[in-house]
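The same chain A turns up in both complexes below, where it pairs with chain B and then with chain C.
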Partner chain A sequence: MAVATRPAPAAAEDKELLISGSEAVAEALTLADIDVVTAYPIRPYDTVMQAIAKKIANGQLVAEYIVAEGEHSQFEIVKHASTVGARVFCGSSGVGWAYAMECLVVTPPLRVPMIALVGNRALDDPGAFGVEHNDALFVRDLGWLLCWIDTSQEALDTTLIAYRVAEDRRVFLPLAISADGAFLTHSQALTMVPPKSKVDRYLPRYDRGDLLLHPDNPITVAPQANEDWVIEIRRQNNEAMARASTVIEEAYAEFRRVFGRGPENPWFEEYMTDDAEVILVGMGTISLPIKVAIREMRAKGKKVGLVRLRWFRPFPTDRLVAALSRAQALGVIDRDYSFGSPFGSGVVANEIRAALYNAARRPPLLSFICGLGGREVTLEDVYKATDMCYGAAKAGKSDPKTHWLGVRE
Partner chain B sequence: MAALICEIVYRGIFQKNLASRIARGIVLSARKSGRWGIAFGRYGDSPQRNGIPAKDFAIVADTNEELEQNMARYEPKHVDVTICVDDTLAKGVESWAWYGLQPINRLTVPNGTVLMTSIQSFGELLKDIHRKDAPYKLALMRAKASFSGLWVYREDHTEVRILGALAKIAPAFLSLDGVSQAIAEMDWGSDLKVASARKAYERLETREVTMAEGNPEIPYSFEMPKWWEMREGVTIPAIPIGKPKEEGKGYVPERNPYFKKYTTRTMRPVVNFDTCVKCTLCWIQCPDSCFDVMPDGTYDANMEACCGCGVCEAVCPVENCITMVNESVFEDNASQWEMWRKDKPAYQVWLTNKIGDKQATVRSHGFRFRGQYEQELKTDLDSGGVEITAGIPGENAQHKTV
Partner chain C sequence: MAESTTFTNATQILEPFRGVKKVTLEEYFTSGHRTCQGCESALVMKLMVKAAGPRTIVLGSTGCMYVANTTYYTTPWVVPWMHTQLGSSGSAALGTAAGLKALMRKGKMKAEPINVIAFCGDGGGADMGVGAISATLTHKEYNSLILLYDNESYANTDIQLSGMTPYGAHTTFSPPGKAKRIIHTRWKKNMAGMMAAGHPECRYVATVCASYAVEMMNKVRRALTIGGPTFIHSLDPCPKGWDYDPMLSHELGELAIETGIFPLYEVEDHQVRYYGKTKAIVEGRERKPVREYLLKQGRFAHFTEEDLEYFQKKVDEMWEKWEIPAVVPFRRLEATKAALEVK
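Up next is the complex of A and B:
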């Protein structure tokens, strides 16, 4: 519903704050005037819940803040709140996200536009806090919209965009924003925070329409069904995911119009790819060492570029194929693993292989796994990957086996 | 190459183990002549609910390849033999998800057989069984519906008698010797059971049914919605609030137009409106909200919504005010209250007739005391295996036991 609970501050220009990715999300949630937020602490997501708690304590945000007894309840509570029309937020990390799995599974078929922040964290065991993308990737097949962000600014902007996309009647799907633990959740960067007046212009109120659970709209949600009904429900979900692509394009265009910033291409960031011979691909904060390495390598005459994937679901197949098939070789660096997968590659590498299968031009593709558990991705790792890509470009083919970088061996 | 496809239509829970034994028995009997086979339940009927019709299937074939050919679907689209182990299902089958009414002979192939346990005559059953656009055979094994529960099994030989009867119907697949041999090898088999199977083989009554015979009613049905016609979010509209019965008095709740429970019943309540004290208990306790409130404050069980559980009878404080009566003695689903309002003396005659028929008012499932089964089985066998047992006394038993 997102009813205005406080008078909006007078229209003003954006103000610049030094805040972490997690705090930037909390700023966006305040601007979006969320109604219900649930919380259960797990690092690194807990930084978001602390930031929201502070917003509420300071009187900047009026919302129901419910500390659940675990992630399972945490996600169930917001699911129900969303069905009665509340704008909701929640989130988790690593095995906390896994503990909520049953609730994560039911939100897409129930068409609940829940926004969740996944502070990416390695799955136990060993108990570790550092980033891996496997947690958010749990839900990649289930109807969750999935995106990865890179900076505090992108955290704030994407959170606003997320509500606009997920709460669009054509979509009504849950959306998880992934933020790399530590590198983004715990690093403070200069961030432009827009005034509420602009956000009000951008974000319509959440209208659940005929799906609203309300005495005036008597419906039953989630009845038991047998094999005569399930595939039709899946087909509906598939359609909603397909429609999300259009809605995402619209939401970014409108964001640029209202806020005067934001990418032309919602789906992925292209860095120095125009003339690139080798294009490296990754998601999240891995972009930083790659960009620095690219600048170093370009100074030495190597034409290397980066595609940083923002949206993983829906997967921007056509645009990505168009961008990548120009290169002479591709290097996909996964911050995740998929044991026993084709070629033992990470999830992103195999998605891109699948996307390229029907492409007119398929450059050799090398698959790398790097930076697991929050291990630093070094410039040397990037140089090494690039050199191997040049080898494949020269040979015109690639060995499909997967290379682990930055492992003691 | 040839195959024999059988369905066993039964009452969920009450006959679950019976149907499973029959399906397994068919396959294992045919195996004695080198046939291949498979026995399975319709998964969509699960989880079963008391009395809701369900199906098991048994397919036997000359070769494994032909078996696979007939298995390559969720459930058979046609069957050579429809086995029905409760004759109240002659009125039709509405399975767990209720997509309209399926006549009991719907899947039976032309010139195939409907094999039913019943004590009714062919003529009485054909008032209920829907007409079919092809001739078929109706075979009767004289027995009352064999009901038990989820955890108990009623060892009344129904399963072996069905197998013996099948040997008569499909001798090419199930020889009587093969059936006997298979029964003897079952962990529940015995010489006595083999004898029962052989008696059933001898005593099966069969009659040709022409296209002109049967219940002319067009079974109700509805079209399944397409994916884009369905509401999103796994939501369905709630049942709207009801209306007064007439002139602002009484109350009739709205009901789902697709979910009807006509044939989910084995028994139905018969109400004596003259002795009703309007205490509300039947109305409140009915788990299916089947009672409509009449303008005079009495309660009429709406047959569209009653699944025949008998809770109303159990909670009614007035003796013989609500009596559960076997479904087979009713020919329609008309309102009892309307009948009563129209002609009260005639209704009393009708009521007395219905609730006075002990054969129809004795509950037919559940064991109530140790040794009951042995008592019943003895009588049954003493008279050649066809004597109908008195059944199991239900609530208000002392008034109803034969």
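Up next is the complex of A and C:
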């Protein structure tokens, strides 16, 4: 049975710290020796910038640390720093991420391997600090690599992996690490922090090669192309995204070799899925109530499992279909919305429906939306979803309605 | 090329050209652009980068000097050049300078002073990008020059008015009509004055006009030499947007100065120094009437005597009422003046 909650083997040189997800990212950024970082306040992602600022103030990290006057500039500054060869970091949340949207759009075609932390937050209005995944999902069609993390350890490890993947010349695309606001950005857990020597073995220097903007390499970047060339440039982006799948596989394998921990399947975590009749699917910290509920339900004889999706772009279509098509019914729990979409479902549910379209075996799929605005996802929500999935398994067909859980009527 | 002090704030020491015959022959902005006949902004690009020299990175925000000027496979830029978003000239300058500084400081790149110039049009600079430019002018540890080429409209998108379009001008967003002769009733922003007054640690702000090419290049060289973030505002006559015969570009630049509408000056370490005809005006030479400038341009063809008088009155105020004529529009109260005199 695939259970990914095994503690990593403690490597002697690692130090163990009780830190939040944001602090874990900052530890990784220090180890990755980033060169330029830009900050702008918005909750909850900004805890990572507070942690970096402390690292810089204490001399643990040497980097240009710029507090921008808005997210638009925040992302533009690091974009340009990256083109002259600097390893960069940035991030935002909710409407801050939206404010940077123009810059998020141009980064992939410029082939800038920027790493950003999205501390997932509900979009205004009305104001809410809590988690929703719609902010990070803005970039799902644009050439950003996009993943969701679940623990402080995964935050640290994924940040290191992110630089290795994004800065691989076969990829050269920006990468957003999504972390649920509060539940991960602010929650502390014991985290193994590797020594710099190991990270240096794992992470090569960022080499922009013949794309470097420098007087010794006087190129013109992003001149006006129009219909003469734009479609070819789009296809190059698409090919880079396709190559990223291989690079991600390699980066996780190498990570396990150097650090002695990390998942064998980079794309998603499988929890008790081997014999599962019903598989629930979600992203991020929603895994915690689902896992607890699964253990409770299994004690009562219900064979339920969880697939926690880590990588959303590139989307692991084949592997995911292989894992999901075994079940008798699927329940996809979105912490996002897509108003007016097919079936009124969330984004993840419809992506999985599309992925399953050509599958030899398509289990009934139910779509759920819950936990919006940071509302707690309760065990009862999970039990209710699971019962409905069993109903669909018994009926042998999908219920096309999207079910909102834990909502006042 | 000489270098000043430590590399973290080092700049190239670019001595002024002592006359047009001493200007270097090398060009770093050459053939390949597609700008209009008589385009003054293309000349500004050429002079700007000629003044800066080969160890320069240029960032260009969206506008004519991107769309018409920098086309895939026919780039005119000999130095490295990169597009940046419409409102991002400030961020582009800051990010590029910060990236270079970080890499040099950490020994990841050979340390040398590299000029960073970001240019923007009046729309990108004075409207959308003014916040980012303002922020960059407060980051004194990063050397960069932001050059605003002001052709007084969104000239690339069909001549729409910007915050820098002169009062009353006919643009596609402000056409004169039967019910309203004048739709655009805002007075042009005072960008150079605002940047100089609002950023206490910005050491150099200047205005230029390519009609005075050597002076213009020397201001670019001064801005790059002095270090930190600097700002130059260039007034660029635009045959298409201003509606005049392209042969008049140079003359209209001169008239903008001679009428006192656009003053030529620099503010170096807070000291204002007037240049050329502007200096002569400050020292008593009479300004030419604004009508000599306005009526040469089709965009003011709908102006009545009343409009011309209003325009003249506003320009007169710049010279007669402003605390620092044509630079800073503050006026002291009489009581304040008296109090200061007593001291």
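Here is the rule we use: the second predicted complex is superposed on the first by the 397 of 409 C-alpha atoms of A that agree within 3 Å, B and C clash if a C-alpha of one lies under 4 Å from a C-alpha of the other, contacts with A are read in each partner's own complex, and residues count from 1 in each chain.
Heads up, the rule we're going with is that a contact is a pair of C-beta atoms (placed from the backbone, for glycine too) under 8 Å apart; a residue touches a chain by one contact, two chains touch by 3 or more.
Computed from a predicted model, the values in this text were never measured in an experiment.
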First, second, both or neither for A:His72, with chain B first and chain C second: second
First (chain B), second (chain C), both or neither touched by A:Ala63: second
Touched partner set for A:Glu254, first chain B, second chain C, both or neither: neither
Partner chain in contact with A:Ala222 - chain B first, chain C second, else both or neither: both
Of chain B and chain C, the chain that contacts the larger number of chain A residues: C
Contacts of A:Pro109 with chain B and chain C, given as first, second, both or neither: first
Which superposed partner A:Glu269 touches (first chain B, second chain C, both, neither): neither
Contacts of A:Val36 with chain B and chain C, given as first, second, both or neither: second
Chain B versus chain C as contact partner of A:Ala86, first or second or both or neither: second
Set of chain A residues, in rising order, touched by both chain B and chain C: 218-223, 225-226, 228-229
Footprint of chain B on chain A - complex, ascending: 109-112, 172, 210-211, 218-223, 225-229, 231-233, 235-236, 239-240
Contacting residues of chain A [partner chain C, same complex]: 33, 35-36, 38, 62-64, 66, 68-70, 72-73, 76-86, 88, 102-103, 106, 205, 213-215, 217-226, 228-229
Chain A-touching residues of chain B, taken from the complex the two chains share: 43-44, 74, 96-97, 99, 224-228, 230-240
Residues on chain C engaged by chain A in the complex (per definition of touch): 54-57, 59, 66-67, 70-73, 75, 77-85, 87-88, 90-92, 94-96, 98-103, 105-106, 108-109, 114, 131-132, 134-135, 139
